[in-house]
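All chains are identified by letter, namely A, B, C, D, E and F, in their written order; residue positions are counted from 1 within each chain.
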């Protein structure tokens, strides 16, 4: 199986983190590739930045889809996920959605641990769009400027542990989701000290991608995830044009 | 007041419809301008097309904001609305959100009349993202291929009237929203024959834009609609870069 | 345009506040009139007092409707709003509903700043009846006896500012609604110091009333906001009787 | 125990129906009294009529409370219920709320059988205000003009049976609520032919009133159902004034 | 009337408490019997223990149903309630459901006072399954080890009073539910000192059981509470087998 | 990896179906074992039968846990899932939950295809308990007596295909869940003819079980999925007693 992770942020250091956590999580025979957004911002925290990342991710998806069996939109908040899922012919997963699915199989209510206060509104709306806000116990976050987006884990580990414990003891979380690509791998390293299961977006997405490939549930040709109907378009990249013009077999 | 309507579709004929309905609805002293997406698809019906339209709209917003007092994202479904609202310094409105606000002041439950079956999932999710799905009585739609996106009203008027009556009689709608820029103005022309208030997105958005300009509630410098924090970015258009780099006065 | 604001409280000082804020907010050509409930309580804080105010407001609406283009029920909590909307032939607006609509166009989640703890339950239920409780970040309130209902703003301005800041910093509000006719105008005077948009019920209602008059969406003759069916009644004021007996043209 | 049923409609024939069903349902030692609204409409179907009925009911509650152990607002839709509950010192019940409570103890989802299409919006909002709309399977209704509000049962019995069966077979109802004072007693007479439990508002309210009297849970002196704070009022009936002026012992 | 209370815990001391509170609450002519689970745990706090208690309760229900007019599952959390309601031919009530119904007739929002932190998740899910979580103001709980499950009231009365006051003052509760069979009777003894109505599960259930017997709404023969269809079974107790094999008259 | 599927029905033919679909779905190195409930009913359709199946499943889980890496409760409706998840030390999955998780990664709204009308209420409540009822487009079901629970697929294949198409075309489903162990494998055989992805509970559960084993998120020692606190118990099977008495390491 070949799985492509698309980092819709422009930070190569985050892509490296993602790639190494993805390879650790994948089955032995799975090949992992990571691509980084050619345009956009260093790390997405807001709706506007997510809008840019969604378009960057879509561009990369159109360009690389043909060589892979599944795509992962590798930013928590899942920018562009639902749209890209409509357009391409292979499974598309997101870090938030994947982490939520793992969490739901481990307990009733989950909390999310995040890297900045600003990012929490976007995360909350992502959980809401997944229809799972009633199971969200809380979102707890770092509240300090980040020196280096590739070094958040080292710089803030003890505060992150504290947030985890508060979510369990004060907010009633049964499971914790360590959110955001910059925290990929943290769940593994602090697991032993936290009294509830810890879920990570990257490893969840890679494993769930393998599952969707294996289950082969079929591509939507009807319903609202069928490919967009063909119609005039202009000004798009060649791969994007090709994607929109692709002929699909009828049901 | 100067209000810019941004058509995130690439169809000039739809921009013309939007512009003429907007001018009819605006106060005498308001100046209306319409711009059309330089890239994207002829008319947005799906999440993927909306993702493209959101980016096209954001690009236009960054380019033109400075000369206007408010922006309207002039496609039902409001592609990019929340993101653009964060980034620019003037009020930003959308056709769906504006129509929903008008409808909520006229009755308890509303139905939406739409131009294609495919578009309904996207509309439903937009209502949901506005937190108003419990007041949505139904979405009813045309279910035939559209000969010409600029001529939907003429081609399908009698079917559209039928859908309106069914929504009132069978679905319990107190108000009807005639959805989508291609139907701009239809509400006015069939109003006399429909037993409940009819709401149109373009005219609602223009009037609500005037209201927000007049009320001058203040620009968010805190909360989740403050401008995105400044950070490294790359590969963006010059106006987009300028927007992200703009210095704002502290509170 | 002629807009009548109906104060369902019996306090003339509050009517004066309402009138002056309404005139400040209205378009130049709009005429504002305010009437005060002839019976009821000095200011409504509870469901029982709202029940009385609803009837007082309905009586005034029946008496004065003919000379106006729109009515505003000028107490936060909107006593009698939905009922009066059914009965009269012109748009009817309420302070809460109008403020909610403004707030929804400025951010995702809003808080309400209120004048007493007792009043908060009624406000919460009003937001709930509008279907918007999932967007309510919090209600924060003064918790001291009010010396004079017409002087709440002067007496408590610094505490009100504090409540505003707490709602943004601790509760995640994107927008603040300054609630209650006795606080009409406060939003304007403290706006510069608060980091998110501030919304006021009176000015929102006046502007939205102008919008509904201009949009002319049509009067409901079907659905659940059609006028009540004619039937025997007794013991009502002459204008109320006339309203219930009025013949309306069929669709 | 002495229980007063307040008919907020002006129809004596409906009061008679209510009284006879209430006496049949009550425990042997309970005394039932019924009073009829001195002003208002013959039967309430709309929000505006409910607003009038709420005030009429409140007036009667203030006048008669002292001689009873519990009050029942005897119109489905419970006009004024929450407000009157705040003001008086004895338990206050409503037909809808009482029927909902009975239904919830008999199955998961219930349907409501109603006497007119117009009345259904008001009923739906009442269920919603009770927080139970997710358990509402459907509202089914007669859709013909009513010859005589006191004779609905005889005139429409076979259609009412049909509606009951449809709610079970097509809508998934586990329990049926026969709604509206004019249908008081119907549940008893058709019970044998309907495959699910049938609940009636009047008998439920009388029995639940006896329960609340017996349980003696205490009168609210705090929270949002404490009596309204004392404050200036004007233009109210003497009993209403006395009620608002009543001194209550502190906690 | 003969009402059987089934204690799905194995503690005889708790059965004694239940029995004495039930007898105090019942009408003079009602006969109360209590049976104790022959297998299971001393007191149920978790979903797994509730699963065991549900089966123990079902076994007792099958064995004893024939001699009674109604059953009460006498553990807060209502283990097995919905299932047993399907199977037997008489009304079945639960402590949580009954307390919720009482509370809903006394105010808008309620808090639950519980005996341990661990038990609160189960209670919350029970309220959720009743569809009433939007009216739940809070769950407050003791957070100390319990010396003796039959002596919780004496050991912790002053802390329990504190929790009650906090729920009113900090959480906005209009009504308090004293939860759990080990607290049966506490509501009565502290009522005078708490400013809102107090509801107890045992007394509510007994009174509501009398009501359902009196109302005689009919046994479900259709809908999802009809008896389970007859089909092969094995390994069940003789009374359980007899219950599943029972022939019921058609509608 | 060793995964145990627990059939809480007593039908060996259904266990055989489950086992063969599970082996087909599992990774090459995974060992699948299936055990059948020693007591209970042939196939669970109701809440009461699910209550019995939950206890039977719990008994089997206690007995067999030690030899496996994950358990699957192999009946749609997930009887006992949350309780067993608390008690044992390995991941526990259910067919419904697993199918829901797969479906949520393939589209926005899903429908469930079920084998009998009676079973649909239980399925609906299971979706509700998972917090996902807003994404449920519909439940469609066979409505004929089942000749043989092990032969439902052969007997009813064409009707099942019809139900699938109706769910897509009339109910707006993006994904279909083929529900119930007796339909295990049907998704695979009809996939080519249905225009949206088809999800099956058994194969989803097996793959998700492998994922949870691989992710190793940690066992809950706090929160509401920690093991039940040790306390007196009686009358339980030896493995169940051992499970409840097991000593766990502190955090």
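Throughout what follows, a contact is a pair of C-beta atoms (placed from the backbone, for glycine too) under 8 Å apart; a residue touches a chain by one contact, two chains touch by 3 or more.
All figures in this text were calculated on a predicted structure; none of them were measured in a lab.
Novice: Looking at the contacts, which chains touch chain E and chain F alike?
Specialist: A, D
Novice: Which chain lies the greatest distance away from chain F when centres are computed from Cα atoms alone?
Specialist: C
Novice: At the place where copies chain B and chain C touch, is the share of residue numbers found on both sides over half (same) or under half (different)?
Specialist: Mostly the same residues form this interface, as more than half of the numbers used are common to both chains.
Novice: What's the distance between the Cα centroids of chain A and chain C, rounded to whole Å?
Specialist: So the centre of chain A lies 43 Å away from the centre of chain C.
Novice: So, what's the distance in Å between the C-alpha centres of chain B and chain A?
Specialist: Distance between chain centres: 29 Å.
Novice: For chain B, what residues touch not just one other chain but two or more?
Specialist: 82, 85, 108-109, 120-121, 125, 134, 172, 174, 223-224, 226, in rising order.
Novice: Testing understanding: with touching defined as stated, what is the shape of the graph linking the protein chains, line, ring, star, complete or other?
Specialist: Per interface graph, the chains form some other shape.
Novice: According to the definition already given, which pairs of chains are in contact?
Specialist: A-B, A-C, A-E, A-F, B-C, B-D, B-F, C-D, C-E, D-E, D-F, E-F
Novice: In their shared complex, at which residues does chain B touch chain C?
Specialist: So the residues of chain B in touch with chain C come to 25, 27, 82, 85, 91, 93, 97-98, 101-102, 104-109, 130-132, 134-135, 168-169, 172-175, 187, 191-200, 203-204, 207-208, 210-212, 214-226, 251.
Novice: Mind pulling up the chain F residues that touch chain B in the complex?
Specialist: Contacts found on chain F: 108-109, 134, 172, 174.
Novice: Quick one: which bits of chain D touch chain B in the complex? Just the residue numbers, please.
Specialist: Answer in residue numbers: 120-121, 125, 133.
Novice: Provide the residue numbers of chain E that touch chain F in the complex, in ascending order.
Specialist: Listed in rising order, the residues of chain E that touch chain F are 10, 38-43, 45-52, 54-55, 58, 80, 82-87, 118, 120-122, 125, 128-129, 223-224, 226, 228-229, 231-236, 240, 244.
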